[in-house]
Each structure stands twice: as C-alpha cells, then as structure tokens.
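There are two complexes below, and they share chain A, which is joined by chain B in the first and by chain C in the second.
Then we have the complex of A and B:
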C-alpha cells in the first residue's frame, strides 16, 4: 500500500480529490483508480514515433490493459526518435518490441501487441476497447479507424447518441515542429470525416511539368518515381517483342530478363530500399541534365513517401496531450479539451484549442433518418416509401448496404445487374439483421429546386428484437 | 465514462452481445461518395463504363472512349480508374490502358490532365474527369506534353500528326514505337 501511494502519488492528486471543473459524473476515490486499472482497455494504433510515446505515457498514467497494433518492422532510421527500439531490434515488428520494452519498465502493465494491418482485425476486436488512441501518419488509416469507431454508435429514437455506445478516440498527429491532438467522441464532437478538410491535400505536380520543365529537386524525384519507373519496365518488354519477331539472338532475351529482375515488372514499393535507391539515382541524372541542385537520398525518401522530418519533442508533446485526454475521458477527473489542439513550435511556440462543430448530416457519425419497416417490404416498395417520406422526398434513389450495391439507377450496366433485387424483401437483402444503417442517394426537391443528396438511414424492422427473434428468423 | 464500461463489462459477462453477428464489410466514406457519383453519371454518348469486378466492387472500373470527331475518330481507348477510400479528398488514379500516340498521354499510360493532379478539388466528380479525358481526344494540346515527340509533330506539322495518329490506331510503327490496333 505504501509503495502504491508513492507510485501513484501524482495520479492520485487528480483521481482522489474533488474539483470544480470535473465532469458531472466524476466520483473521486481509490475505487476510481482501481476501476481504471481493471476496466479501461486502450487500443494504441501505430507504434511509430507517436505510438512509442503514447504507450509509455498511458502506462505511466495508470492504464494497465493496453493493446498496440502496427504492421511495420523497425528500421535503422526510426531509432533517433522511436525511443523504445535499439539497434539489435532492427527488422523486428514494432508492436512486439514496443510492448515488451514498456512492460519491462512499467510494472503491472499488460500490453498485447498485434503485428498486422488495421484492416485485418474484425469489428469484434475493436469493440473490446473502451478508448482508441491514434498515433498515425496517414489520412486513410485515420479514416478507417474513425469509420470503425463510429460504426458502434447508436442513437435513440430522439436522435440522441446512446452514451454506452460511444467509442471515444484521441488522435495525435505531427509534422516536423507542428502537431495536433484532438478528442473525438462520436455523436458529440466532430468525427474525423466531419472535418477531413482540415488535412491539406497532398501537393501534386502536373505530370507535364515533371516530364518537360522540371524546376526543383522535387520535380526530378517525382519524375523518376512516377514516370521513369514504368518506362524502363515496359520498354524492356517492347525489346522482347522486337527481338522475338526478328528471331534474334537469345542474349536480347537475357537483357530483357535482367531488366525485369531490377523492377520485377511490379509496381514501385516505397519501403523497398533498392527501389528507393533506383529512384534516387535516376533523379540525380535528371537533375544534372537540367542543372538543378539539391537532390539527396533523404529528400528522395521525403518526396516519394511524402514524409516531413519527424521531431522527437513534437511527438512527446502531442502524445502527452493525447494521454492526458484519455485519462480525462475515462475518469472524468477534468473536462475534456474541446476539441482540437494545434501546436506549432517552428518559431517560438504557439498553441491553441479550437472547438470544431459536427457536420449535422455526417454520413459516418450522424444519426441519419430513422425508418421503421415491416420485414415484408420489398426494395421496390422501400424506394417508393422514401420518395413519399416527408423528411426525405427522395426521387430516383440508389441504395447500398455495407458495401453491397442493392440498386443503382444508373449507369444502365449497373441498373441491369441490380434490377432483380427490386422484388426481394429489404430484410433479406440486409442479411436479416433487426436494425442497421443503409445509405441512399438520389434527388430531393426542396423549395422547388432539385438537389442531389446522399443520406444515411437507420432501418429498424418491426417485430424483430434482439437475439430471440434472430434465432426465430434463422430457425424459420 | 469508466462507470459505464464497468456496467457494460458486467452485462457482457451475463449475456453475450445481443447484436451477435459481425457485419461482413464496412463501407468507407469514399465508397459512399463514389456510389453517388456513379449513379449520377451522365456520360457522353461516345463513352461507356464497365465494372470488371461486379456490382459490389465499384472502386476499380474502366471507362472506354470512342471519339466521334477529331484526330482520334474511330479509335477506342480504355482508361482504368482506381478510387481511394478517402475519395474525394484525393483524386482517382487514372491510367490509359490502350497504347496511344498522343501529346498528353505517354506510352506508359500516364495522362496529363490538370484535374487529375494539381487542380483536383473535392467538388469535382467522376463525370468531370470523363469529360476531361474526352476533351483530350477532341482537343489534344501540345502545350502540356507528356509524349514530347507527338507534341512537336502536332505543333509543327498537323497533317503529319494526323497521319501518325491514323497509323498508330490502325496498328503499326510511328518512329521506333509500335502501336497495336485500336480502331473499332
């Protein structure tokens, strides 16, 4: 006990004492600390620069059940900032090593590593966690996890989010000396998709500039990466045809074979050092031709992988903010940040919290329109119903359900492929689930002007309620 | 929040989650928006679209353009579209599958069309791109060259350019490069 009070002394100041800016349901006491250790399960997505920091911070903040998922292996270039890794770890999965190192240093914490892609795990896996902490560097991965977390969200009949279905996320991101930390409470604060415009689109140079009038080192690198790479592979195959038709010597074939070995005819892989080296040397040639200075190997990596040098201190600051928010969300010991913190340490220091608002009709986190249907309603009938529904008035709708195209108005080739669904019950087309989300798009007329729109609908089938009816349905 | 999870955890021990069956496939926001784009396509009559992977896999598709005027009349050009899950935040990747003698399309199928790269905006859609591609065949331009030789010929000798295009489309050599027949 004495050891424990010593160890948690700082945390206890937050968890054991009442306060004025705490969340309404905050109940300070040792039970809260114990519950946090017993019931909170955190998933850390990414075990890179931010992920290493997050694991350490969460473990030291009293979280005991942590999982970490990352598909990458440790590279030499990670070692300067991904401080859980050592030279002898190079080549090993980041998740495994990060979990092991933190468990060695923080007693009592249990970290389960997952060395795989985030898409490899099913929804059941994600549903196990009370909170998800994101330490990622890609928009795609954020968007994916956001979609997963929001898919657990349910709304009541008054379109209020059901508290117990909210899967909170804290999201960190850094670029050099800049970073952000945000809190996403789906249904309450904007989700990633509500504010995707916050991410600046990637700079893309016109291909013809790359091909004809390069002016910068980056132009030369992108030329080698986007144009030159494909050129060599296909030109060699052309030689093959030529040589073949003129029944020429076999060494032509051999040359072609070796050329193919260099690129193996496959697409460029930014994580393959040989590929990167090739792009670098081609970019150097290109730069010499046009008298452009500044092509280096690290710039090549930066341009091709769209990397901005990572700064260890930025990661530490952003991660600390995220871990603190995780603790606040879980314990209620203080109000959570609302809802987006930006940090800029480029010149002096600037930090600011902005309260972004939700996109009311967000397809991912919004409530959608609730519709109660009989299980006998066919897709055709459903389409008529949403045409007449006063909140929708949707004409010419196309319908999709979890990636399945149920009906498409156009183009004719898809209309034909989906037409036979029209006479089937929607309940059957939705795999006989009692309630689920469906998406429709079509034209809606508001104040006599036609507008195209894409909507989320919450379908509930009447008379089907939970498990017993599910069993009945499968038994029938 | 933790109290909620404590309660939930207890409940879970009593009865496994009622909503038992795990959903098979989640739909990305990009997929939803693409679906909308596709269902609202208003293609020029010279254009067709095909979905080689069936009706449930719309993120990769092919657009075939058969220009009815200009240098490329009578030709048939297939473009592959690959759409990202964060579409329309990011433009689709478009390549020309048909080897074509064209100033703005190189021999590897890279296409120089501003809206595919530097001028892409999320308000644009698949229809805009198809019209843009169509435009490349009615109005090839020598100012944004990807195929340098073709651009030079178009600028300096349009008659020669016309006959080069014919030769390429009917199958044959233009300079050192062999083109397979692509007339329909």
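Then we have the complex of A and C:
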C-alpha cells in the first residue's frame, strides 16, 4: 500500500486503511474505492437547496454514478443557496443544470438528470439504485419515496428483513437555521412513516376567521387569496361561515375551498405575478377596512406560497451530514449514525442525535399487510377489496407483481393494455404461487388530503400446497 | 436591484433588510482555501457579503481536486487562492472577490496590520501556534475571528472576540410579554369595559383570552388575599373557573385562555439573564462605552423608575380568537404602552449620552426602539482568549466532559486535535500521513496525548486506543463532506456575528463524524 498522492489523496486515508471504529463489513483497499466508483449508484431526489449540495458532496465522496430527479425549473429566488445555478439558468430544469455543472467541475463523475415527477418513474427505475438521498421539502414526496424504497424490502420466514433487499436512504430537511438529517435502513431503523408524527400537520386558518373576524395581516391575505379570488372569478358569492347562525361554527377548513375553486373558471396561480399583485391589493383593502397593520407584498407571497425561509449554510450542514452517512453506509469506513440528527443554530448551536425506534406494525416498512384470498378472486375483485380494507382504503390502485404490471390506471393507453387482466384471477396473474408480495400504487386519504402512496401487500392463497396461513397470521 | 431582492428573498425573511445591509457592508478575510475554507466562503458569497479576500500561498495539486469543488482540472499547478477566488466570484457578481497569494502563517508573522482592514477573519486549517498569534492580533484590532478546521472525521469551529452584544436574538420560543397579572391602567380599563357575561353568543365566544385572564386573575386575587394561583391545586382550580365560564363547548377563546392560564402566574420583574446584564460592570458607562451599553444603562434606570421593576413592554400581541374590533383595540393598547416606554428609555439614553460627553442624538430612535422591543432577550457573548484556553486550562470542566459518556468521543477529539498540532511541531508533519510509520506514529501520538492530558490537569484520564488509532488513520485528511459540514457551521456563525442577530455559539464546537454526537465544549 503506497502513499496516495493522486486525486483521492484524502478520501483514500479512510477507504484504504484499516480502522478501529468502523462497520463490521468494512474491507479497506483500492478495491473498495473502485467498487464505490463502479457499482454504487446513488439517486438524489430533489435538485434544490439540499439536492445541489448533495450532488457536490457525493461527487467528491467517491461516488461516480449518480442520478438526480426534480420536476422544477430554476427561479431567481433559488440563487441565494442553490449554488449550481446562475441568473442565466432561470427557467431551465433544475435537474439538467445541476447535473451539468457538477460534471463540468468533477471529472469522471456521471450524473443522469431526470426532469419529471417522482411518481412518473416506475419501480424498476428506483430498484437500480444502491442508495437514495432525499433533498426534499414536502412530506408527501418523502412519504412517496419512502414507500418506494420500502417496497423492495423482503422478509424471511421468521419475519426478519433480508439484508440484500434493504434499500438505504439518507434524508435531509431544513427550515431557516434549523434542520435534520436521518438515516433510514428499511426493516432495521424507523422508516419515514414510522415517525410521521415528527412532522406536525400545517396550521390552517378556519374560514370563519378569515370571513368574519380577521385579526392579522395573514388573515387578510388568505381572505383575498381563498375567498375573494373565487368570488370574483365565479361571479358568485358563497356563505362560508356559519358562526352567526348558531354557536356551533363549522370551521370549514381551507380544503373545502379547494373544492370550490375547482368549479370556478380561472384557478389561482401563485406563480403568476398579476394574480399575486391582485391578492396583495385586495388584502390591503381588507386590512384597511378592519384597521389591521402589516400587509406587505413580501408577506403576501410568503403566506400564499407557504414560503419556508432557506439559507445556504443550513443546507450545506444538513446535506454534508447526509452525504457523509451515505459514504459510511456504502463503504463501512465508519459507524452509521443511529439514526436522526437535529441541528439548531438559532440560539447558539445545538446538535442532537436521537435513536428512534421502528413502529412494529408499520404498514410501509413492516412485512406488509396480509391478505388471504381465494384462488378465484379476480384482479377486479382484488382492487375492490383493497379499496374497502380498513387499513388500506386505497383508491384507484395500479398493481404490479414482481416488476410485471398487472393493471395501470393511467395513462389511458396503458390502462387499455392492462384492462383485460381485470377479469382474470389474481392467482393466475401471480403465476399460481401459494404466497408472495404484490405492490399497489394508489391514492389514500391523510388528514383530509389525498396523496399517492405505494404499498406492499402479502398475498396468501387459501388451500394451496397445504399451505395454511397460521405462520403468517401475525402480520395482518 | 429588484432582482437582488428576489434573489435574497428566502434569507431576507430570516434576517431582514437590516441584516442583509450588514452582510453587504462586511469584508471577510479567509485564511486557507482548502475545502473547509472554500465551503465556508461559498455560503457567504451566495448570501451576498460585501467583499472577500482569499489568502493562500499554495499551488493546486491533483489531490486538491478530490475534495475541493472550487477548483477544476485546469487549476492544477496554479495559485489555489486565485483559482478558488475565480470560482467563488462566479456564484455572485455583487460580491467583490480578491485573493492574496501568500501563506497565512507567513502573513500572521510578518504583516499583522494586514488584518485590520477586515470585519471578520476566518482562519481555516491553521495549527494552534498560528491561531494563537492571530487571536492576539485580531483582538487588538477589534476584528472578529472564527477558526474552522476539518481533520478526518472530526473538526472544530470556534469564535474568538472580546464581546458580542445581541439585541435581536430572535429566540424560537420565548414567553410573550402580556402583563396579565400586572395590567397597566389602560389595559385594565379596556378589560373592565367588556362584560364576560355577555348574552350575545358571538361576543362571548370572541372575547380575547387576554381580557378573560386579566379579569379572572383579578377576581381570583380579590378572593385569595391578593395572591394568584401558585400551587398545582390552585392552578387547576383556576382552570376550572375558566371552564365554568364557558357557555358552549366550541368556545375557542376559552380554550385558549385555559391553555394560556399559566401566564397569569408568571413571575413579575425581569429575568435573571437580564438582571445579570444590567448589573454588569460595563453598564457603568463612560465616553468609551458602546451604544449597546449606553442603552443598557438607560434600561437599568428605566427598570428602577418608570418601569416599576419591569423591562419596557414588547408591545406585540399573539393572534387569538377575538372580534376584529377587540383585537385591534387591544393591539393599540399594547403598542401605545410600548411606545410610551420607548420614549421614557429614549429620554434616559439622551441624558446619559450628554452626561458622558457624547452627542445626545448619537443613538437613533429606531435603534432605541429595537432595543426596547428586545429588552428581555438581550444577550451578551464573551469569549475567552485562545491563549487562556491553551495556557490556563479548566481541569474541573474538562474532567466533567471526560467522564460523561455522551461527550467521550468529542472531548477525545478535542485533546487529539491539539495533540496532532504538537505532533506536527515536533515532526513537521501530521501523524499517519505515511503508511510505513503508522505504528510508530500511533505510539508517538499516544505519548503526546497523555502528556497533554497531564498539562491540562487531568493526568488520571486516558483516551481510548481506538480513538488514537482513528486519529492516525485520518492522517490529516480533509474530507469534502466533513469540510462542507464544518464550513456550513462556520458560515452560519459568521452570519450571526455580522448581522448581530440570533445568538452565536459559545465554546469550541467539536465535530464527531463517527456517530454525530458533536458537542460544544466550554473550556
């Protein structure tokens, strides 16, 4: 082992030398470094504040095969932190520009951009990666990717996770001076869904407050945004608040409004400056009417678009922690963090590692909901069953078995191609096996909002090969 | 201009126009532009600091391309300072970027006055001896200093300056200032003007909890010999009293009152942290005192006089269920009282300024106003000179960390980060740089670490073999991910220091990249 003076002079110290505080599977040597470059494939989800940092950090941590997926285009307000973008890039897809910039700078690294929604990719796409790094700002997107990663997890007959099916994730999130970085090893450490309570639901204003008793600038803005806009565009007026009619205010939430909005001719577009300006001036009028101070254009944007303040430094810290963990998980060159790091730089500097525990019966990372079916059950019937199942309540599902699409809801051409399967018995579609795992992708209701979700189900067919459900009944 | 406001929108929402203006006026010097330094500056250039000066005397080597994003293949053989400066400039053309091709160590030795032109110096990857000299230079010139270092899976960040006073500390959770148990006459009168027994259900369920609590606290005090609920039992009774006033189950205002009922038992008078500040010897002001301490002196007088033991009222009212009219009026009452307090403090500031021989108008009204609004949250940070930390150790503190399991790796790294510098002073290189002499280096480093613990007054303590081995394995490597983490922390602290908003860290931050149990050590 000679002294490394080349490109990976510094990284080699960790990858080529034996260590004392390392993972049990650590096998130092040039082969490890080469394997990391050749075989490890990282998917970076999101090319925003965290994503840009992650791409840089991973490219300089010995990873060579990286993909990045993001559906957004570059905006001027990204430039204070998304350092791979320049003013002249505004309007271009983030994934494309981010991939290009890192490849220009770091020779040998290959980054494939995907300018699309995460739901647009199939399971095969996600199964290609050895590790997934999440740089997202929405709970829904995290939840979705978590479902995808957990769908690959298989359990052995003792309900222990099979090591080779674990798709590790590192996940980061920031808000202002605060952030978190976590490691998710599905089946071993809590998945996103196990600790969903860490993300409290967003506070929404009751519509009656907006309509009848506004007190803050934000109330005036939301009135203009959610009530006034619709009145104007539909030329009609709704009675929103029932406060006066009885003492039982119905507190209809904003979500109700969304339904109204769908019926109106012109829906509000937060990215249209004219729309925003209109909301601002209406909010000012309302604030003046009630004597409420503090409506500004900036606040209007903040409230309407639910803007989360974001700065370069916090993104750098959180992404670096995620990238370092990715390197450690993939190489074994040190211990893996267990399993949740919080950072707060608001008052002094606080970091804390918390070891959360798995939710024993997690629908997402557990062995999967067990369904016992007759061999005669058709795919159509199966779809109806999972729509009614109290733990699932999954509507409009698409069904995949071992990478084979059994039924797709959309696009229409695929729906048509797979429609004929609906009347076939699921047992036949699953190659007449006694039991196996099947994936369903559909819509579920959470906190009154619909969101797409991917679930893994364990199917057992009754009376096949003398197989009883006794050994698996606990998973239901 | 409009573009730059849009560009900075997400950060303006955190530190505002004033914070941004402070950043845009700052001039930052970076010593050492390896990945730790480059990443620190990257975050500051993006945020729009006024100017940066990159100081580094080395030439770019092949190995630098493996950990520094601010270089590319074409940089090899060229000045590192120049190359890094070029790529940093690309990130934001509003920043003036300069470079000096000279070694930081040499500059510290030969040209100490060089540093006096800057607002703040960021020293990266410097060994202890140079940091020590630089600290003395910066303290004399009143320049803020931040040291940042990445070393294998560890690293450190520390701030060094005499004193940093924060007015806008913007804490996350801070009890609001409502004076529910001590209402001033206008608030009391307003509360009296509202009948809690209103028969109009709309009014009843839209009476703000401030009014409910002011009235019921008074009612309670009248029937309890002037005392407010203090025991758990009494607090429960008070909540029951509130519940008893509800006329419908959906009265959010009463639910809010029950939730906020602890506020009526809040202790009167100022908090201990503020007491410490007004009793600080710096509050005895003279012509050399800073504006901050002049205002503290005025605040102290205010508390003892007009304030009646209280700091100036903050004047902000949290949102609460209420009729718009009640809420807006209440807001006006709080604001008027806050404004009156500002005027009283301002008068005292002017008098003090006159007394110490300064222009009475030297401190602007808006500064005094901001000071008053934040009076309860004032924070003063002081940092021990690095020389003191190195040469006047605090064995008791260190011992405490050494026996605390949660701190064991971090404090081990603290000792070892100092030990590798001692090693380098002896052998002119870091331990573990060469594979061939690894075993010798490990035992040498161990000997040095043991000696160091003895010097620090903790001779009975030991470090684990594992950690010493790891430190040698690192061989002084600067890993990009570690540098990005350390650089992120350093840049965030720089922002807090320059904007004078939020509270910067205290002590030495030791990064622990093994299990992320990083810690701040107060030594």
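In this section, the second predicted complex is superposed on the first by the 333 of 476 C-alpha atoms of A that agree within 3 Å, B and C clash if a C-alpha of one lies under 4 Å from a C-alpha of the other, contacts with A are read in each partner's own complex, and residues count from 1 in each chain.
Following the convention adopted for this analysis, contacts are C-beta pairs under 8 Å (C-beta built on N, C-alpha and C of every residue); 3 or more make two chains touch, one makes a residue touch a chain.
What you see is a predicted model, and the numbers here were worked out from it, not measured in a lab.
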**Request:** Using the superposition on chain A described above, determine whether A:40 touches chain B (first), chain C (second), both, or neither.
**Result:** first
**Prompt:** Should A:17 be classified as contacting the first partner (chain B), the second (chain C), both, or neither?
**Reply:** second
**Request:** For A:351, decide between first (touching chain B), second (touching chain C), both and neither.
**Result:** second
**Request:** Using the touch definition from the top, say if A:324 reaches chain B (first), chain C (second), both or neither.
**Result:** second
**Message:** Just checking: does A:310 make contact with chain B only, chain C only, both, or neither of them? Give me first, second, both or neither.
**Reply:** second
**Item:** Touching residues on chain C, where the partner in the complex is chain A
**Value:** 3, 6-14, 35, 39, 42-43, 46-48, 61-63, 65-69, 72-73, 90-92, 152-153, 169-172, 201-202, 205-206, 247-248, 250, 319-324, 327-328, 331, 432-435, 438, 465-467, 469-470, 473-475, 477-485, 487-489, 491-493, 495-496, 502-506, 509, 513-520
**Item:** Footprint of chain A on chain B - complex, ascending
**Value:** 1-9, 15, 17-33, 35-36, 38-41, 43, 48-51, 54-56, 58, 84-86, 89-91, 104, 106-112, 114, 117-118, 120, 122, 144-146, 148, 177-178
**Request:** Can you check the complex and tell me which residues of chain A touch chain B?
**Result:** 25, 27, 32, 35-36, 38-40, 122-124, 127, 130, 139-140, 143-144, 147-148, 151, 163-164, 168, 193, 196-197, 199, 201-202, 204-208, 211-212, 226-227, 230-231, 234, 238, 241-242, 329-332, 363-364, 398, 400, 402-405, 408-411, 413-414, 417-418, 431, 433-434, 436, 439, 441-442, 452, 454, 466-467, 470
**Message:** Using the touch definition from the top, list the residues of chain A that touch chain C in their complex.
**Reply:** 1-11, 13-14, 17-21, 53, 56-57, 60-61, 76-77, 79-81, 83, 86-87, 104-107, 176-177, 209, 213-216, 243-244, 247-249, 290-293, 298, 301-302, 307-317, 319-321, 323-324, 327, 334-335, 337-338, 341, 344-349, 351, 353
